[in-house]
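For clarity, chains are labelled A, B, C and D in written order, and residue numbers in each chain start from 1.
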Amino acid sequence: MIEFLTALLETPVLWFLLGAIVLPFIPAGTGRGLLTLVVPIISAWVIWTAPQGLGGAASLAGLDLTLMRVDKLSIVFGLIFSLAAFLAAIYAWHLRDTVQQVATLLYAGTAIGAVFAGDLLTLFIYWEGTALASVFLIWARGTEGAFHTGMRYLIIQIGSGVILIAGVALHYTQTGSIEFTSFTGEGPHSWGVGTWLILLAFGIKCAFPLLHNWLQDSYPAATVTGTVVLSAFTTKMAVYCLARGFAGTEFLIYVGAIMTLFPIFLAEIENDLRRVLSYSLNNQLGFMVVGVGVGTELALNGTAAHAFCHILYKSLLFMSVGAVLHRTGTSKASELGGLYRTMPLTMVFCIIGAASISAFPLFSGFVSKSLILSATADNQYPIVWAALVFASAGVLSHSGIKIPYFTFFAHDSGKRPAEAPTHMLIAMGLTAFACVFIGVFPQTLYALLPYSVDYVPYTWAHVLEQMQLLVFALLAFALLMKYGFFPEEKRGINLDTDWSYRKMLPAIVGFSCQVIGAVWSELMRGSHAAKNAILDLLSGYYGPQGRAAQVQSTGLMVLWLAILLGTALVLNLVILPS
Amino acid sequence: MLEGIVQNAPLLAIMLPLIAAPVAVLFGNKSVAFYISGATLVLSFALCVYMALLVSDGSILSYHIGGWAPPIGIEYRIDAANAMVMIIVSAMGALVLPYARASIEKEISPGHHTMFYACYMLCFTGLMGVAATGDAFNVFVFLEISSLSTYVLVAMGARQDKRALSAAYDYLILGTVGATFFVIGLGFLYIATGTLNMVDLADKLANSPDNKTIRAGFALIVIGMGLKLALFPLHRWLPGAYSYAPSAVSAFLASTATKVALYVVIRFTFSVYDASSGFERTTLEYIILPLAITAMFTASAVAIFQMNVKKLLAYSSVSQIGYMLLGLTYLNQTGVAASFIHMFNHAMTKGALFMAVGMVVWRTGSALLPSFAGIGRTMPWTAAAIVVAGLSLIGVPATAGFVSKWVLMAGAFERGWWPVSFAIVGSSVLAVIYVWRLVEVMYFQEPKATTKDPVREAPLAMLVPTWILILAIVWFGIAANAPVELARIAADGLLAGGFDNGQTVILGIPGR
Amino acid sequence: MAKPDTKDERPISPTGRKLTVLEQPVVINRMIIGLALFCALLFLADLAHIRHGKFAVEDLIGFYGFYGFAAFAFIIFATKALRAVIGRDEDYYGDRVVDAEDYPPTELELKEFSDD
Amino acid sequence: MDRLLDPSFVLGHMNYWLFVVLMMTGLYIVVARGNLLKKIVGLNIFQAAVFMLYISAGKVRGGTAPILTDNPGEAYSNPLPHVLILTAIVVGIATTALGLALTTRINEVYGTIEEDEILEIDHQETEREVAAILATSAQDSANA
């Protein structure tokens, strides 16, 4: 126990734990607010001054734990997590809810702890910690719907943890080590089941396609301040873990590319703006996963930089939509519009966030996303590259345009809410400043990145390309809007994979489980050969030498003619009554 | 003079190239032949546009050959439907010709150039005649004129690849059997009614009781023509003929020949017979519809795996013909209009694709996939043309292909056949794959280092006609109103029972 | 969607007042034209120098512009179709769900704008 | 069915039976024979059947050739089918001529007029092309 405490002393996590213990004893108000501000500052200072290398050694049941592994990759994530916690604390200054405040501190603390975890067991502890702490931010909304959503969220998050520990256990029995290093090895074919399970656990928290839906389900259900906090940590923690454990795993490139694509379409038709932002979050994660998959120094720099910038501008967007929700009671696009009249500052900050996520030059998204894009292009992944550029235009459509446009412009909803409270404006202002600052002075961000950077984002060609992409897309928006092609905002929800466990599963549980199990085991048996076999089968039939494409004798073709004629005649003369 | 031309427009549009063909052969000089055919084809195109304008208000032109009034005399009868087909044929004919002049330099031995122009004009005459005539037997005659010259044109590819010969032979045997079936069908109709004029036929059929001769006639006509239009299991002659023919011939045939045959089926189904009920409807729904959908998928799937790009395009044509037949089977205005619009749009799209591929063949000497490597860099205009036309083939918005698929989907919904829309989308996905294969090779592979001359952009004489078509694809993808309107008028005319509605304008020498 | 009251006398912020010109159709049209001109300018700027992108397609003049335009238009058309397939009412999963229930006002500071 | 057993019906439609037999003979030759020349012969028989169909349909019982005579009461056969078939015969001849010409060229180039051998040659040609492409692409991926 003492050993654990001394190990914790070296980590920033300690301060979050202390803060969470002390906070309930301080009367609600300025004192508490200051506490929530001070803890992230101390954390950042601890991280900044921590010596590089392994520290915080402890042991548990004979396993050696490393609570503080400091290197440039963990520092950059630790710092941005501290900054996000700080900004969220300002934004939540008005909060008088002890549960949310404690949960926020624990959540941020465990996420930062996971980033510095040097072994898989420590990682697992913090991994589950984030799940347990964060669910209170959803339950704090206090409605029955939020409770159910929170339960679904918790089950999936805990499930991810269970899969992780199962994977860690298998990994340990195979290798005898619980050190958290790269698992990539010689590629996926060399992995054991344990490694696959670890990847699956990471994939769930990183919202891989088809594992993604907990994110869009839960984030819009959280409180105004809770969503801002949620958006920063869990998924980026998973991205960090992927970058640490699976850098250079090629198929992640394709997983990431799919992640950038499909949320675009769902975001575009979603009415709840906070859910739009959740889909957009999913899409941005895709860029980071692509960076992890490429796995070169440039790509990993891109992933880290993009995570850094993304936390800032996604927080900013959630803050501005949250401020609107705070003042009007709704975040649904169909109920909003024309708010620029009375919330101009919120509008400006929202547009800065939108410009950043859309990667306009001079905003933060531009200097980070281009690292990933050029890493993709450098390594000659044409389809992925095309998908990412497409996704960049898509980001503009739902986050860059839809969010600010339908909230603050479009049709006047008749709502005249007051401007956001001062502390929210300060939080948004600081975040917006950070977005622009990074965009204008990218070298300050690049200095923090894990590998040395000799990348220059502001070349004439690159700025021109990006401006062309965005401005032409804007023109498309203007024209489609003007001529009424743009889908109107209307109340409603859209089906996503959560349909499977909210509707379908309850209906067919039981009997069907056995069927699925049987089919699945059958499929798994042949899965290695299956893909090739199918392709061979197809090209065998349809290929240049296949039966469907072969030149046949004229006799056979005439015979076909006769058969078809016969069929027509029989149909007309015999079957049909005259 | 002008009055004379205008009064005889339907006849001149068809007969000018017919007369010019032997004249060109008599001169025996390939340049002279080129200019003669150029002049006649352009004039023919102008006359077609003029006639299309005349009929675009729903009226009908009736031209009495030699002044003999139908049903005794032969009649050319032009409404919106034929006008559209004639515009397709004459426009493609005029556009492909300058392209052909450059293209055949490398593909056909110089001694045969004059013959090429003559055959080209005969083929053109045949196709135009089929579209224009109002006499059922005349359809057969013109069809055989075009078919016979087509066999020759295809066989001219033998200098490049000997397989052109066997392809031409196959086409000859099958085409003749198909045409003969068609003629038997006509014979049954003649035996049943005693007339061959389409208007008269329609009239007599409507007033005669249902009988088996008439039914058998319908089956023979549809299946016989089904071979000429490459209805799915009868399509096997097409890939060989299109891939081994000279590029210009492929471009011209792919954009016109099957369309004209399809027009004949539409004309007989709707104008001569009454497709709205009875055995005609059953034949369409139980035979043509499943075959059309099978074509859309199977032929696309074959296209995906082809290594020869011309063959890939040919199989893609077979699947696109599926779309056109599909629209026909809806038996509603939107569906038939969709068939016509797709005919029009696909003629441009496939014409442009075959022409662009022909340019690559011209430079690299082969239509096999490796010769397309890196032409995004070396032949940027050609590659861009393939991309735009490919997008139209897929049906991407802002290209012509989108318009036709849109109308086709609308027709399916109107008919209540919404599952068909999945087939349309699904088959488009297959199109995405085969077009992407081309794009990938063109833009993402390095050009192969060859010992021959470096690959450069094709000459302007080939590039300009191709790009006219590309611009037309984009133009009709955005400003789609004109063809859609014409197609709707055509569909209205056809569905209203064919020839008898609308104001009839009689042309030709009056009297007798 | 609530129809805005044209004679809405409620106060709005000074910045907001200045921005109401953006709702005039003339201004909107001018902005679109301006945007189109800017696009043309960017397109022409592409002619000014020869780029050597990592892929051949990047070297096509205006590639990024057209790709952006096409991507955007495609997304819009595709989503319209997508909504028809997966769109449902807010109470599709029942009425005890986040989408169907109002945000509890106790934690919010709902406030109308006022001049002071 | 009983109609088919009625001799007067059977004999009365003699021309159609003849047509059917000829047509099937022709079609069978096209389907079953591999020799390109024999296929053309089959095609000719097939077309001749159609000519028979038309001509016999135009026959009027007791009618003469449709030539104007002084006798106003003279019955004559319907001339239209004759005219149509004249055209069709011309088409048939052209087709035959072209088919024979193609057969000659095929014989020059392929050295055979047996369809299965020609198909085999075509098939090998395609196979060679595909194999060459696959080989180079395999080589490329090996280099990369």
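Heads up, the rule we're going with is that a residue touches a chain if its C-beta (ideal position, glycine included) is under 8 Å from a C-beta of that chain, and two chains touch if they have at least 3 such contacts.
Only a predicted model underlies this, so the values are computations on that prediction, with no experimental measurement involved.
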Comparison of A-C and A-D (more C-beta pairs in contact):
A-C
If you average the CA coordinates per chain, which chain's centre is most distant from that of chain A?
D
Counting in whole Å, what is the centre-to-centre distance of chain C and chain D, each centre being its mean C-alpha position?
66
CA centroids of chain A and chain D: separation to the nearest Å works out as 68
Any idea how many Å lie between the Cα centroids of chain B and chain D?
24
So chain D residues touching two or more other chains come to 27, 30, 39, 119, 122, 129-130
Residues of chain A that touch two or more other chains: which are they?
380, 382, 543-544, 551-552, 554, 558
Going by residue number, chain C touches two or more other chains at 55, 73, 77
Pairwise touch network: line, ring, star, complete, or other
other
Which chains touch, pair by pair?
A-B, A-C, A-D, B-C, B-D
Residue positions on chain D within touch of chain B in the complex are 23, 27, 30, 36, 39-40, 43, 46-47, 50, 53-54, 57, 80-81, 84, 87-88, 91, 94-95, 98-99, 102-103, 105-106, 109-110, 118-119, 122, 125, 129-130, 133, 136-137
Can you check the complex and tell me which residues of chain A touch chain B?
380, 382, 538-539, 542-544, 546, 548-549, 551-552, 554, 557-558, 560-561, 564-565, 567-569, 571-573, 576, 578
Can you check the complex and tell me which residues of chain B touch chain C?
374, 376-377, 380, 384, 396-398, 443-444
Seen from chain C, its contact residues with chain A in the complex are 1-5, 8, 10-13, 15-17, 19-20, 22, 28, 31-32, 35-36, 38-39, 42-43, 45-46, 49, 51, 53-55, 58, 62, 64-69, 71-73, 75-80, 82-83, 86-90, 92-93, 96-114
As the complex stands, chain C meets chain B at residues 55-57, 59-60, 70, 73-74, 77
